[in-house]
Amino acid sequence: MKRLLLTGAAGGLGSAMRGRLKGLAEIVRVSDIVDLGPVADHEEAVVCDLGDHSAVDRLVAGCDGIIHLGGISVEDKFSKIMNANLLGLYNLYEAARANGMPRILFASSNHTIGFYRQDEYLDHEAPLRPDGLYGVSKCFGEALARMYFEKFGQETALVRIGSCMEKPKSHRMLSTWMSYDDFLSMIECVFRAPRLGCPVIWGCSNNDTRWWDNSHVSYLGWHPRDNAERFRGEIDEAMPKPRPDDPIAIYQGGPFVNDPIFPED
Amino acid sequence: MKRLLLTGAAGGLGSAMRGRLKGLAEIVRVSDIVDLGPVADHEEAVVCDLGDHSAVDRLVAGCDGIIHLGGISVEDKFSKIMNANLLGLYNLYEAARANGMPRILFASSNHTIGFYRQDEYLDHEAPLRPDGLYGVSKCFGEALARMYFEKFGQETALVRIGSCMEKPKSHRMLSTWMSYDDFLSMIECVFRAPRLGCPVIWGCSNNDTRWWDNSHVSYLGWHPRDNAERFRGEIDEAMPKPRPDDPIAIYQGGPFVNDPIFPED
Amino acid sequence: MKRLLLTGAAGGLGSAMRGRLKGLAEIVRVSDIVDLGPVADHEEAVVCDLGDHSAVDRLVAGCDGIIHLGGISVEDKFSKIMNANLLGLYNLYEAARANGMPRILFASSNHTIGFYRQDEYLDHEAPLRPDGLYGVSKCFGEALARMYFEKFGQETALVRIGSCMEKPKSHRMLSTWMSYDDFLSMIECVFRAPRLGCPVIWGCSNNDTRWWDNSHVSYLGWHPRDNAERFRGEIDEAMPKPRPDDPIAIYQGGPFVNDPIFPED
Amino acid sequence: MKRLLLTGAAGGLGSAMRGRLKGLAEIVRVSDIVDLGPVADHEEAVVCDLGDHSAVDRLVAGCDGIIHLGGISVEDKFSKIMNANLLGLYNLYEAARANGMPRILFASSNHTIGFYRQDEYLDHEAPLRPDGLYGVSKCFGEALARMYFEKFGQETALVRIGSCMEKPKSHRMLSTWMSYDDFLSMIECVFRAPRLGCPVIWGCSNNDTRWWDNSHVSYLGWHPRDNAERFRGEIDEAMPKPRPDDPIAIYQGGPFVNDPIFPED
Amino acid sequence: MKRLLLTGAAGGLGSAMRGRLKGLAEIVRVSDIVDLGPVADHEEAVVCDLGDHSAVDRLVAGCDGIIHLGGISVEDKFSKIMNANLLGLYNLYEAARANGMPRILFASSNHTIGFYRQDEYLDHEAPLRPDGLYGVSKCFGEALARMYFEKFGQETALVRIGSCMEKPKSHRMLSTWMSYDDFLSMIECVFRAPRLGCPVIWGCSNNDTRWWDNSHVSYLGWHPRDNAERFRGEIDEAMPKPRPDDPIAIYQGGPFVNDPIFPED
Amino acid sequence: MKRLLLTGAAGGLGSAMRGRLKGLAEIVRVSDIVDLGPVADHEEAVVCDLGDHSAVDRLVAGCDGIIHLGGISVEDKFSKIMNANLLGLYNLYEAARANGMPRILFASSNHTIGFYRQDEYLDHEAPLRPDGLYGVSKCFGEALARMYFEKFGQETALVRIGSCMEKPKSHRMLSTWMSYDDFLSMIECVFRAPRLGCPVIWGCSNNDTRWWDNSHVSYLGWHPRDNAERFRGEIDEAMPKPRPDDPIAIYQGGPFVNDPIFPED
């Protein structure tokens, strides 16, 4: 690739992945709504509000691949989610359509299916069961991406990220964790495939206690190598086991199922 | 029921159903963003913009059932769909939550699955394949309703309406048509059931060439009686058969699959 | 058939069916643990405790068909269920094996799956979810019958009876009711078929609000004609609608899910 | 249609349907390898060996619909089946491809799945289990038709005919019978549909004891009206019930499963 | 755990596992109907007849986990199976319910599904096909456990043990073998999980020729490490290969399918 | 085995496997329609036209296992495919039936399902979608083998070979490649199993990007060890990536989907 766009580059996950993308494209265009800090030689930085249609158009122009981590990534009030995750995503897809339809990796979320229990094993066709407004916004995103695929041929990987961080931080994350290395190798597979289509990809490492079945995307050849199990001792020491009647031990979405609807001010 | 709310009561479908709801509740509160015309003895009329949070709250207060036909019901520009079908639906569910969670019949649409071919027979768990921004907004609505059900217990019937009108107007509608009488009997079943849950219901009559399987909601006891087949001759006379390569003959969503994205001004 | 055995002939369902069996066999051998009352010309009566191995053997000898309604048919203490429904059923199958393996219609029950919700539509392969010791005993019976089928070729119809009575007596029975006429026509189909195998048959009439799918036994040609719906008005008048949080409105097994384990004295 | 071709028109089924096709097209071209008898005004007769490539090409030229009943329709020696059902079918599809790809109704057979038991209920995706060389030749035909559909767009209805005759002649045919009227209405549906695709259609009437599920082709709107059940008494009188261990009572293919491989001379 | 109960501790499997349980709880209460031999420091021994209600109650009191290997574990006469595996299991669950509902690992068996062929690959929802009275008693046990789970919240792991022994002893066991180490690691996973539910777990090692799919319990994180394949040479030398028509080569239940019903004396 | 027959031994795959079969049987009978070159000590060579019934009978006589690679293995004109793959296969099965029914490994092909897209993951029951006359002939072969299995008990492994060669030669083959070593170990498993049945086996190595699920034959214990992924670099260097709209990047059958029907001369 010549130019790869990373949105949400100043966020937690964005910051972590930004440094790892160097080899994937000649130029990595990093973007966020806040300042992006120092810019490396292979980077170009663009501050952009996803809710601004023409700014997003300029952002996407010239890119031949997009990793879309931007937007709200936790439960929040609806107006903020609407601007960033609904209007923002529409803007992104319109910009992609106007600029040659670069392939998109869309950071969807396990919160699209957060109300499944942790003793259920899901495949990619499990009906949606979002656990909050954030999860609902990701359901919207998946539907929007699917429509652009069927109508215009726009390809997207719908990555339902579990918990992508340096290491798992709770007992639940022993199931949902995805290491940065595994995310990176997934990104490589997504942009390498001659044809991608518009598949759901479950975003977790090769964890002993994983809940999700990725065999339907075996054509991508992604084989995560990390396993959260090696952190079990550390977590057992750091915190008590969740009680069986705690949502964090019941639902795949964990504590999100308990979040209230956040009121507008 | 004491008071049943009908939104979108000035629209095409709303107008047709309004007169038929008399026996279902003591008072039918009819609502739309435009004038509602003469008001019958058993009715009360409320003009309301669904995008207005507190207006919607007042609209819902005191109702113990909601038939939500309001919002945009064809392809349109995103800003309008966002206001009416995304923000508007959020407002409606927040209002319901604040007002005793009256049961909701939500007019979803076959355009949530419009990209399936007409030779496919669908059940309620078929993955979504919306055919435009309107269809995407209905996917959002179904996800939002599902979340309110799992999180708060709010019950909704997700009615994927085919073509609800006086009679079918095209060859495609021989499959998708739902008569007003059948819609009315469905409404009765939905509000009669001791427990509803949050099921998808395919909204079409007992047409010979129907595409959709409602056996999963047989617990509701809805048995549509009409059959579009009796209009075949009339339609054959009125218009030529669609050509096999015309989307109206290929896709369940019919002409919607050809709609462009409508530009903002 | 020359001689058809009816067990449980003095029970509620047995008494109702006894008179209807006349045309099915030259002799109907009616049996129960209590007195059987006056005996018709085409009948012979045998008082028998199902827990008595050799008495059951004598009961079955000479029969070329068995309708097994005998045993405990409601929740009860385990010792009684064990004697009648576990030991008793074992005795019956051993007697059948020793006496030419007459075809058996076994009265299983919807209480084998009573913990499914009423908004679920079940096929015959739905995993078992019994709602009490009685339901568990019927799960045992189905497993025993299946084993005798695979090991010895003994054929059995596993009839999961809903509510077989003169008419439905509650809102739940609008879904589960089976009329005596429909049960009779099922019995005829079961004994008429050249080969029966060992199928599950859902025992309910053609009710508008039925929960169960019998298409897998369409080879038997059973088409129930009655429909509980015509009793809806009568029931609506006779009793209040169940509240949505009442198990009678939630679970297919209805009030059985609330039964305690009955203590031994 | 202007010209409809009927192959196998001198065979048992062909003779019966020939007279019924009058209204379907201006001209019905009837064909067989043997003499076709008197020719009606709306007919033209062509004697043709399906194994003769150029004769088949001439046969198909000018037709805009084909009902292909020709070929061997019972178990026979391989050389005959190969000529008529393998080479002959290839010739037919090549001729269709060369002549504008008229829609084809291909008489496949229940003998493609004859080794399923009669207590199994099949949908159109059940893996093939042919019961003889004849059944294997129909599996070949279905595969060939499918390939021409995917590669060239040639549409075919793969009609797995049960027992199409004036009335059922055995207990097995109470399940497999298709009346001439129902076959005719199916033909009308197949040629009427704007798009057909390449579906399997189970060819039996609305028999009480049918084994096959046609819901996947509900888009065609075919609703068979006849029911073999009304002939049960007649059959019960005319012949003894099959014994349970007779293949005619065990397998869907009935006596075909017992046919030997017919030796070449 | 403070106190872990092991029933059947004097049996073949019980003896093997008894020594391995040391680290799992402060005290291991070992129990059987026969003498339990020398008792280790971390152990307490209780002789108990499972058929004795109050003895079982005392046995369970004070335990916070139960590994239930007790009862009859091969084909036997019904009276013995009824006492130990039906009444005994009921007693155990009543005792658990009266004593704080400690989590239970229940030794179910592959003989619940013994009549499946060895060329079938099963998931946990495959309908039951027991191969004898012993297998039927385990079907009863699974149904009873399920009912206690749904009704009272009692958690159980339904472990369908294949062949748990030091090493495989026949060609069939190359598929069914579970090593003691793998069973131990499964036990650890079962008692470690914050929530268990009531899942079926197939009890075999990571054998090359396994028949059973455990992906539905991937949330438990059990990864068996042993593989019976390394014993193939040894078995090939020790005994002839089974003949293809020997049930040991046909059915998953192996020789059990040939066991007769054992007569009462 | 005493004598193992290898047909097609002079072809590309036959030549490669011929040398590897030494240890599998005392005598390897190698056969082809062309000269077989020098014959090793453990071999016997037979030149044979598969279209010649009695020659094939002599070929099979005395063999207790058959690896059938013979016939046409690419797209060709129908007359040639009919002789070698239809008539030839019939001859082979008749010869096997007349000679003790030695187990057969039949080289079927991925071209039976070549019209599935590369982003679909298939199990063994996916409906057939052949991509040419060659693929259709393999569908015929699978149906014929199945019929001989059900009717006569003849066992066959239906091996849908991907690309069996020394190393993958295109990007598509990174998914479809099967190494010679893996094919050899599959052959060993097929002939070792006490019972084989008539299963489909997907013939590819343990490639990162494989499309096919072999879990249903886990009872055979075949675990391919090679992985085409290690050749990715080599292929990336040797040729450009396929364009996304090139059939080689879209369909599992790759370039075969573009093959025309080859005309007879």
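Here the chain labels run A, B, C, D, E and F in written order, and each chain numbers its own residues starting at 1.
Rule of thumb we're sticking to: a contact is a pair of C-beta atoms (placed from the backbone, for glycine too) under 8 Å apart; a residue touches a chain by one contact, two chains touch by 3 or more.
As the structure is a prediction and not an experimental result, all values here were calculated from the model.
Peer 1: Tell me which chains count as touching both subunit B and subunit C.
Peer 2: Correct list: D.
Peer 1: Could you work out which pair in B-C, D-F or C-E copies the interface of A-E, where over half of the contact pairs coincide by residue number?
Peer 2: B-C
Peer 1: For subunit A and subunit D, let me know how many angstrom lie between their CA-based centres, rounded off.
Peer 2: The computed centroid separation for subunit A versus subunit D comes out at 52 Å.
Peer 1: Per the centroid of Cα atoms for each chain, what is the distance between subunit A and subunit B, given in Å?
Peer 2: That pair's centroid distance is 32 Å.
Peer 1: How far is the middle of subunit C from the middle of subunit D, if each middle is the mean of its Cα atoms, in Å?
Peer 2: 42
Peer 1: Can the chain contact pattern be summarised as a line, a ring, a star, a complete graph, or none of these (other)?
Peer 2: Here the contact pattern is something else, fitting no line, ring, star or complete shape.
Peer 1: Please list, in label order, each pair of chains that touches.
Peer 2: Chain pairs that touch: A-B, A-E, A-F, B-C, B-D, C-D, C-E, D-F, E-F.
Peer 1: Quick check: in the complex, which residue numbers of subunit E touch subunit F?
Peer 2: It comes out as residues 117-121, 171, 174-175, 207-211, 213, 229, 241-244, 246, 249-250.
Peer 1: Using the touch definition up top, name the residues of subunit C that touch subunit E in the complex.
Peer 2: 53, 78, 82, 86-87, 90, 94, 97, 112, 115, 125, 127-133, 135-136, 139-140, 142-144, 146-147, 150-151, 257, 261, 264
Peer 1: Please give the residue numbers of subunit C that touch subunit D in the complex, ascending.
Peer 2: On the subunit C side, the touching residues are 194-197, 199, 215-221, 223.
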